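Across the two complexes that follow, chain A remains constant while its partner is chain B and subsequently chain C.
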Partner chain A sequence: MSEFISKKDLLTWLGQLMEERNLVAPTRVDDLLLFSKIDQVEDIVFDFDNTTLSPKEWFYPSSETLFYVEQKDGQTELIPAVIEKETAIFGIRPCDAQGMAMNDFPFLEEPADDLYRQHRDKTALIGLACITACPECFCSSMGSGPHDPANVDILLTEVADGYIAQVLTDKGKALLPDNLLTTADVSSPPAPVLSEVPSDGIAEKMRQAFDEPFWDRLADRCIHCNICSYVCPTCYCFDVRDYTDKERIERVRSWESCQSPGFTRIAGGHDPRSTKGSRLRQRFSHKLLYFPRQFGALGCIGCGRCVRACPVNIDIREIIQDVQQLEVKSEA
Partner chain B sequence: MDFSEEIRGKAKELLESGTVDCVIGYERATDGVGARPLFVYQPNDIDRLIFDQTCTHNLTKYLLNRKGKATAIVVKPCDSRAINLLINESQVQRDKVSIIGVVCPGVVKAGLDNTSGELQDTCRMCQQHTPVLYDFLVGEPASEADVPDTYPDVTGMEDKSAGERRAFWEEQFSRCIRCYACRQVCPGCYCPECFVERLDPMWVGIRIAPEENEVWNTMRAFHLAGRCIDCNECERVCPVNIPLSLLNRKLGKEVEELFNFQAGIDAETAMPFSTFEKEEKLGISE
Partner chain C sequence: MKPENPLLPYLSTLQELIDLTPDVKLFRLELNDPDIREGFDYKPGQFVFVSAFGVGESPFGITSVAHHKAGVDVAIRRVGTVTNALHQLEPGATVGVRGPFGNYFPLDEYKGKNIFIIGGGIGFAPLRPIITTVLDYREDYGDLVIINGARSPQDLVFAPEFDTWAASPKTKLELTVDAGNENWTGRVALIPSVVSELKLSPQNAIAITCGPPIMIHFTLIELRKLGFADNQIITTLEGKMKCGLGKCARCNVGDKYVCKDGPVFSMEQISQLIEQF
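Showing the complex of A and B:
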């Protein structure tokens, strides 16, 4: 027996959520699929593989004011940004939820990023298990899976006429009233079959491959367009700048990428990652070597977005495979 | 159409004779359907080269990473115009590049295979089926296309009111994520320091938000006016599908009407915006 919510009740519930908090869900914008703030439940897309951009925008926006500094009566005052309203994200996929959990490592380790923490605390995740998958998905090789309930507050799995509902956390309990749930004798559909990637032991292989010419050859075709970082749920580099006028300074943070030429250029003009190969290696080393070393988990969750979006087909699945098979000439 | 064998033959000849030490072409992508750029340095990689109607990328941008090094490159007609542009702007040395030009019937839409025959929109409006510049030509030179209307997309837009056009572009630019992929892929965008990253003077801030996006998108378009060779690469790569070619083609059309000039047709004629003739008054009163 499973707990069940009918399609009709789900819509009613989402309508209620929309009244009391921000409701964010997949929507169609031209031919893109984007997480957007919902004004009417009719705009929500239920039938999709995954969104074009990741949901990280809702925890770590593409641009965000960190704080203001104001002059008042001869005093200088720092006014931090405050997130007022609660948010519920409907339709997040298990891989992306895992991605947000990965971002907690760098953002919430002390000293924590206060704004990120506010977004995280005020947001509930209503996950949708994957019934189908894109050809590029490989989450089950990266520590998650299409039905993984680990990182959401509620997980819904579509069955005939409705959804199996797993209420997994206190946040989830507070969100979904018991009276909308019934018990039903339905079983979960099989998980889709995904591409398999040999990720076991990849961190050590990445370390050994560090000085290989492999990276320069791979980077020949990289155009350093940043797309992979911007679509990725677990890329979190940023740039910070102050916007000043007479009375006020506003400190703004915006997305940036380790792939952009000049990202590591420092005063005096030196750039420790000046070659294309060293820049490209950084992205994959961060996901597959540095992140696991520092936090104990892979930094890539296998959503496949960078594979789909890279204009020159730099494919992390192929890279993992190639690095596993690389004959390393000398010990790094 | 499949010219893979011809391309491999040429690549082998150029590499083995030592004429070049790298051939930039295409190979099959990991989806088994599309193509991706390939750099061939060793004769034993030559068999990876392909050329068919999935070979969308304009590879000429890569020449800027190989300045002064003898390089062979596979180009379609639109791509060949970019080489003229780069020679004219002193970015590429003609004698260092061996150009393998391909007669091109157009490339297919993303995700479709070589046999699908469903051409990209720009290819359906394309006037040029034989490269304007090459050392070796693959395929039979085509009698030039007779496309009745070169700018149906632009005139369609011009028919709209200023308000409608404004609303359209505001909507499009608002979803720009300022990844700068359009710039990174563009053969005409090679400034060592792009205006968008300059701190002093700061032309535009780092905020990814409608007002600043608009500055970025319009300034880039103006920097390409009379220089864009209409390869559609910027539009192809844009991760949020902004119809950038529509904007660049509008400026191309204006330049064509005002100066009777199209970028990259030859390497000698200077760009309208890098020259000034006394008689060009352009409506500025005496």
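Showing the complex of A and C:
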């Protein structure tokens, strides 16, 4: 027996959520599928593999004011940004929810990032289990899975005429009123089978492969368009700048990519990572070597977005495979 | 005192601005809030971000010592957007200070040892608090040799303190420039060759060096030739920094963050880093 919510009740419920808080869900924008703030539930897309951009935007916006500087009568005051409204994200995939949990490691590590924590505290995740596998994803090799309930507040799994609802946290309980749920004799469809990527022991292999010419050869075709970082749920590097063009001064944080040529350039022109090979190696080493060393978990959750988006087919699945098979010189 | 929002600077006042060289100024800063000021403790080697509001913020090594209880001093070389804006400020101006960040020189471990300070250009600034501490607690440490080098005589930082340093017990000051002028009677030599010429002894000693990458590179070679082991050579690393907290992921060298795990590293630690810069 499972808890069940009919499609009709789901729409009613989402409509209610929309009234009391920001409701964010997958929508179609031109030919992209994006998480957007919902004004009418009819705009929500239910049938999709995964969104073009990850949901990280809702925890860590591509550009966000950290604080405002107000200067009046020779006095300066700093006014930190405050997130007022609660948000519910509907339709987040288990892999992306895992991605947000990965971002918690650096952002919530003490001293925690204040804005990120506010977003995280004020946001509830209503996950949607994957019924079919997308060709590029490999989440079950990266610590998550298509039906993984670990990082959402509520997990919905589509069945005939409605959804099986697993209410997993207190946040979830507060969101979904009991009276919308019924008990039904339905069982979850089998989880789709995803392509396997040999991730076991990858951190150690990445360490051994670190000084291999492999990275330079691979990076040769990278055009540092940065789209891999842009679409990735777990790329979290940032830049900080002051802007004065509006009424008051603001300090703004924005996404940055380790693939962009000036990423590590310091005053005087010195750039410790001046080659494309060293920058490409940084992206994959951060996810598969440094992050595991720092936080004990892989920094890629296998959503496959960078695989789909890269214009020159640089493919993290192939990289993992190749690195596992590299005959490292020191071993030869 | 832990800030609730580590990206929010403490409002601070520029108390005094002193020209050290044609392009380096000493900024004497005081945190405005008395409680925060009281709890603001720091150690030699740590750094702060200083904000010119409306322009941005940049990291600078603290060049004062906390035990003097006289605020936070940084020596800033004018090289780009933020440093230019800071150089334009007048005493009394409001700036932002975040920090202190990073690890520090483990001075307690250096007690009883001979200490060689080798700094080039603006890289000398973060080494000054070591000198101040050693001279304030003179009996705790062995001999102190200070090598301060710059492109030209007017680029040597902290000239007003040279006489005091040179006259201190068990202390030797060696100034050197790449190119002298008509008034300069001192050394004209590159820092690494001064290190070699002075025949610094590795016996019970620690060598601490900071400066441009090329200077550090050749200084290391000389120190190793003199017999210094890698755990006797201490230096600082630089990196592009946007947070100081290990969050912006800009300043990593392999799996270490310069802002959090550094900026102070021994050569032994550096040689074990995954990524070599």
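As a convention for this text, the second predicted complex is superposed on the first by the 325 of 332 C-alpha atoms of A that agree within 3 Å, B and C clash if a C-alpha of one lies under 4 Å from a C-alpha of the other, contacts with A are read in each partner's own complex, and residues count from 1 in each chain.
Heads up, the rule we're going with is that a residue touches a chain if its C-beta (ideal position, glycine included) is under 8 Å from a C-beta of that chain, and two chains touch if they have at least 3 such contacts.
In this text, all values refer to a predicted model and were calculated from it rather than measured experimentally.
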{"item": "Overlay on chain A: chain C relative to chain B, clash or fit", "value": "fit"}
{"item": "Contacts of A:C258 with chain B and chain C, given as first, second, both or neither", "value": "second"}
{"item": "Touching partner for A:K85 - first (chain B), second (chain C), both, neither", "value": "neither"}
{"item": "First (chain B), second (chain C), both or neither touched by A:K72", "value": "neither"}
{"item": "First, second, both or neither for A:Y230, with chain B first and chain C second", "value": "first"}
{"item": "Which superposed partner A:Q294 touches (first chain B, second chain C, both, neither)", "value": "second"}
{"item": "First (chain B), second (chain C), both or neither touched by A:R241", "value": "both"}
{"item": "C-alpha centroid angle, chain C to chain B via chain A, nearest 10°", "value": "90"}
{"item": "Gap in Å between nearest CA atoms once chain C and chain B share a frame through chain A", "value": "7"}
{"item": "Contacts on chain A seen with chain B and repeated with chain C across the two complexes", "value": "239, 241"}
{"item": "Residues of chain B touching chain A in the complex", "value": "29-31, 34, 36-39, 57, 61-62, 65, 175, 177-181, 184-185, 197, 205-209, 236-237, 239-241"}
{"item": "Chain B partner contacts - residues on chain A that touch it in the complex", "value": "29-32, 34, 52-53, 62-63, 135, 217, 220-221, 223-227, 229-231, 239, 241, 243, 252, 254-255, 257, 260, 262, 276, 307, 309, 311-313, 315, 317-318"}
{"item": "Complex interface listing, chain A residues touching chain C", "value": "66-67, 69, 71, 76, 78, 80, 106-107, 109, 111-115, 207, 210, 236-242, 244, 249, 251, 253, 256, 258, 263-268, 270, 272, 278, 282, 285-286, 289-290, 293-294"}
{"item": "Residues of chain C defined as touching chain A within the complex", "value": "2-9, 11, 51, 53-57, 79-80, 83, 94, 96, 213, 238-240, 242-243, 245-250, 252-255, 274-275, 277"}
